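Chain IDs A, B, C and D follow the sequence of writing; residue 1 opens each chain.
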Amino acid sequence: MGLLEKQFEENVLTTRVDWLLNWCRLSSIWPMTFGLACCAIEMMAVGCAHHDIDRFGAGAFRASPRQADLMIVAGTVNFKMAERIKRLYDQMPAPKYAIAMGACATGGGPYYKYGYTVVKGVDRVIPVDVYIAGCPPRPEALLEGLMKLQEKIQGSSVIRKPARTA
Amino acid sequence: MTSTETQAGSITRTEGGVLPTGEREFMLDVKTSDLEINMGPQHPATHGVMRILCRADGELCTGAQPHLGYLHRCAEKIGESVEWLQYLPYTDRYDYLAAMNNNLGYSMAVEKLMGIEIPRRALMIRTICAELNRIGSHLIAFGTYGLDIGAFTPFLYMFREREWMMALFEKICGARLTYSYIRIGGVFNDAPPGWLSEVERFCDTFDVKWQEYVDLLMVNHIFVKRTANVGVIPKDMAIDFGLTGPMLRGSGVDWDLRRDEPYELYDEICREGVFEIPLGSGERGTLGDCWDRVYVRVMEMREAIKIVRWCLDNIEPGPVIADIPKTLKIPPGEAYVGIENPRGELGHYVVSDGGKVATRVRVRAPSFVNLAVLEAIMPGTLLADAIAIIGSTDIVVGETDR
Amino acid sequence: MDFRGIYDRLRAIRAPGLTGCDEPRRPNPEDKKDKGRFGDPFVLVEPAWLPAFLEVARDDERLRFEMLIDISATDPSAEDEHLWVNVQLLSLTYKHRLAVKCLLPKAAPVLPSSVDVHRTCQWHERECAEMYGITFEGHPDPRNILLPEDWVGYPLRKDYVFPEEYHGISCK
Amino acid sequence: MVDPVLSLAAESQTSQINDWLWTVKPDFVPGWAVPLTAVLLAVGIAIAIVSMVTMAGTWLERKVSGHIQCRYGPMRVGWHGWLQPIADGVKLLLKEDMVPTGADRPLFLLAPALVLASIFGAMVAFPLAPDFYFADVDLGIFMILAMTSTTTIGVVMAGWASNSKWSLYGAMREAAQVIAYEVPLGIALLVPVMVAGEFNLIEVSNGQAGGMGVFRWYIWPWMNPFMLPAFVLFFVAILAETKRAPFDLPEAESELVAGFMTEYSGIRWSFFFMEEYAAMFLYCVVGSFFFFGGFESPLTSLARLTDVHVLVQVAAAVTIVTKGFAGLFLMMWLRWTLPRVRIDQVMTMGYKYLTPIALACVLGGGAWEVAVSPHLPWVN
């Protein structure tokens, strides 16, 4: 997309094309098989029959970061892991998204005060698109987070020039 | 026998068998270096964020070194920093698949120091919850093991039943995964109306489903071929490595804390002969192989159902928590309590100096101890077997790293 | 066998390094300050003799402590001059347990490794070493196990100061 | 015997298109543009078939796996998520094109193209209907087997060029596995070839037409009792050839992350996917040609009664595509049911069991053809 990306003025055609491309992106957000801690179990639950994240096209969990679009940071991040998370995030091809699932990934959670090895929020390492509260969040909350991410993707510009903010 | 010096220079590998004369000279010329492959921290087979450094000669794994600490969450430091009761939610989070059992272990350790009497109904509900959670934990262990072996679907089936169990726990305590329900002195609140009968319905359904799982995966020919005779842990090795739980029983050692050091109601339950302790027998391969370990877990699920049924039959109304103050001051002393977690002996060693905060909370995590055996049994297996072995240890990284 | 029996047996076979024992007791009603001592009894062992003690306890036919459940350490308080090393032993044969405690001076916390007696010690000792700064002499693989290799300080000591930042990630 | 490549030029669909193009060519268009257009059109059709099969395949895979696992699979994009493959495809197209540092760049870029090219090559020999084909290759089955096995080169290339140990493992496993199973696959196919007396897929299909209807399919024991074991061998072998569970070792997710495609992202990665589904479909089609009547089905017979040429062609096409997808469904069913076998078990099975059994089948089938078949009234 390199040549076409963010090259065009906003008009009827480009907005429709953008809408279509964004629709494709948001309908097929493939998460990475990557669980850290307790939240990972709820993430697994989301992938399973009862909640079935595959309904939204996001059920193709890929083990390799190269094929994933979404990194769900499900659990506590500590210093030893933070560097790996950064690396995994860098290995994902753009456009890529990250969800901080649960209190630990959002801001250290219950380990904030005495957790000497715990990173106080994964956003100190990688950019995060959606934060989900809960310890651990319910599967429904993760689905809600996915919806939020879809909303965010729908608003992004692909071939249009990004909207100027005053 | 020929031996080749690898390029790394550190490892001398000895080829088995006698090679023909010509080939021996040929092999002496060949310089091969073993491949160091890094499994994890993000790898589908490591069940979380563990890293295993494998040295591999082609498909053959010649050495393995687990690296932990990717989920070290300072649980023990927190234990000696927060108040006694405040630590309870942290116990949920080391073995997050069996949070009820963790609550139970910690509560029992503190109660041992306090020397208080727990109401009988509380003990009953505790046992029901702990055993249900054991089923849930084993379901995931079995399901993810299928995943390691390459069978995806049984995993989802097992999550289906687990989801019902989650709903049961949610009804009784409001949380799906991290319960903090079993408190020091009893349980947080009484079971809501109709809960016990729903547990009974769950037991009835589960018996049927259990048979399905056994048919679908446990006796599947490919599954048996993949797991039997793989990763054999002999009895003495199991004891030497301090293995507990299904890992130990899979090796044929008849040891279960619920029977041999009965705590809470298990004394009574064992006296009535409600449940049996399944042991590995080498039925499909060698004693102590992966299949035996998985078999023990699968059978334990059914035994747990029996215990739950017994509790449902014998439960009577009454108080569910002993009279304890809001801010606990635990008398000075030290106590160790080990309970039979789904993964083995979960020990809590607590030291109190008489204050509101513990001096020491040591968690003897079964996964941590069980994992150490990998270094000993993985060399000499195929890479695919290595994954089968990791899966059969059934570790929870939250617990190995705490 | 109960604790008394085990202790008597240990003395009878002259278990190496055995220096005494400690049992729970009720508080003295006359002494207001005495809160008593609750929980489990334990035996005290000279740190330098710990491996030998474990070996004897493992091999004695009346004790048979063949499984080592846990080795951990305790820092009783920041002022205390000693660290404790706590060992939990279990006999599968006789279904009894024993808690062992060694007192180590904080100034030089060194004791021999017990890996040759119980292989399970390997990881427990590594954890103890990184958390308390105890040196286990003769340990085959003395690396950090849970903490990163370049971690500074011994987190479970009472006087541990939390780090400000690690590899550029702020801890505040 | 006609050289497959020559036949492609001489009597293929492109030549049909070619002739038709000459008739509609305006005067100002130069003469050399006509064959070029014809070739481009044919390539377009081939790409369309491959991508349609892949799209239908991925959608089916997710739906089938979903329903096997008590869930629905994609539901939100279109009716039961039928637009999902399009969304996936466009998304993959929009992804960043990544070449890892340390990778062998030219090989890394070439490998997916080679994989895809080989499957297009194999597609050439696939007749969609008795009178609609790219090339009526006399040695059709040879062409397909030869072209599909060249994907291995691409896979090995990908594994090597990725500079990742997982990829290398995947590639080595793929090479070992494909070589081991090419043998029983080829030998097992000899049995129906002997029964049919033909290598040409259309002729094989024609051989199964006749008064007996579906009971004249070669799979039935009264045609040749060695056909059923041959089919089982064939099916197991194609599972291994297409890297499907229980033989998905080259991309074994729980072992090798994603095997030889670990380092591939975006559209390049989807090329491997297209190859996989197209190859699966193609092998299933080959299976239905040789064992399950090819174009023959009650539907085709019905269409033949009407004596409308186009209708017969359409019915035949529908039949063969349905049979192909039925095979695909079977492969999916197995994938979502069975655990994965180990590499040594794969090798043992291929070399020690399948190959000798396949040889025995050929011997038995051949003997039957020589000794028994001529005396069976329904065969002739």
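Here is the rule we go by: a contact is a pair of C-beta atoms (placed from the backbone, for glycine too) under 8 Å apart; a residue touches a chain by one contact, two chains touch by 3 or more.
It should be emphasised that the depicted structure is a prediction, and the values quoted were computed from it without experimental measurement.
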Quickly list, by label, the chains bordering both subunit A and subunit B. C, D
Can you tell me which chain lies farthest from subunit A, using the average of the Cα atoms as each chain's centre? C
Using mean CA coordinates as chain centres, what's the gap between subunit A and subunit D in Å? 36
Centre distance in Å when subunit B and subunit C are each reduced to the mean of their C-alpha atoms: 24
Taking each chain's mean CA coordinate, subunit B and subunit D are separated, in whole Å, by 45
Give, as an integer number of Å, the spacing between the C-alpha centres of subunit D and subunit C. 65
What residues in subunit A touch two or more of the other chains? 33, 48-49, 63, 80, 116-117
What positions in subunit C touch 2 or more of the other chains? 147-148, 155, 160
Multi-chain contact sites of subunit B, meaning residues that touch two or more partners: 43-44, 69, 72, 74, 77, 156-157, 160
Each pair of chains that touch: what are they? A-B, A-C, A-D, B-C, B-D
Which residues of subunit C touch subunit B in the complex? 24, 35-40, 42, 66-70, 72, 74-77, 86, 88, 90, 92, 95, 97, 99, 118-120, 122-124, 131, 144-148, 155-156, 158, 160
Subunit B contacts subunit C in the complex at 68-69, 72, 74, 76-77, 80, 112-115, 239-242, 244, 253, 255, 260-261, 331-336, 338, 345, 347, 349-354, 359-360, 362, 364, 368-369, 371-372, 376, 401-402
Taking the touch rule as given, give the residues of subunit A at its contact with subunit B in the complex, in rising order. 32-38, 40-42, 44-45, 48-50, 63, 65, 75-76, 78, 80-81, 84, 88, 110-111, 113-118, 135-136, 138
Residues of subunit D touching subunit A in the complex: 62, 66, 69-77, 81, 83-84, 86-91, 94-98, 253, 257-258, 261-266, 269
In the complex of these two chains, what residues of subunit D are touching subunit B? 65, 68-71, 165-166, 169, 172, 245-246, 248-249, 252-255, 257, 336-345
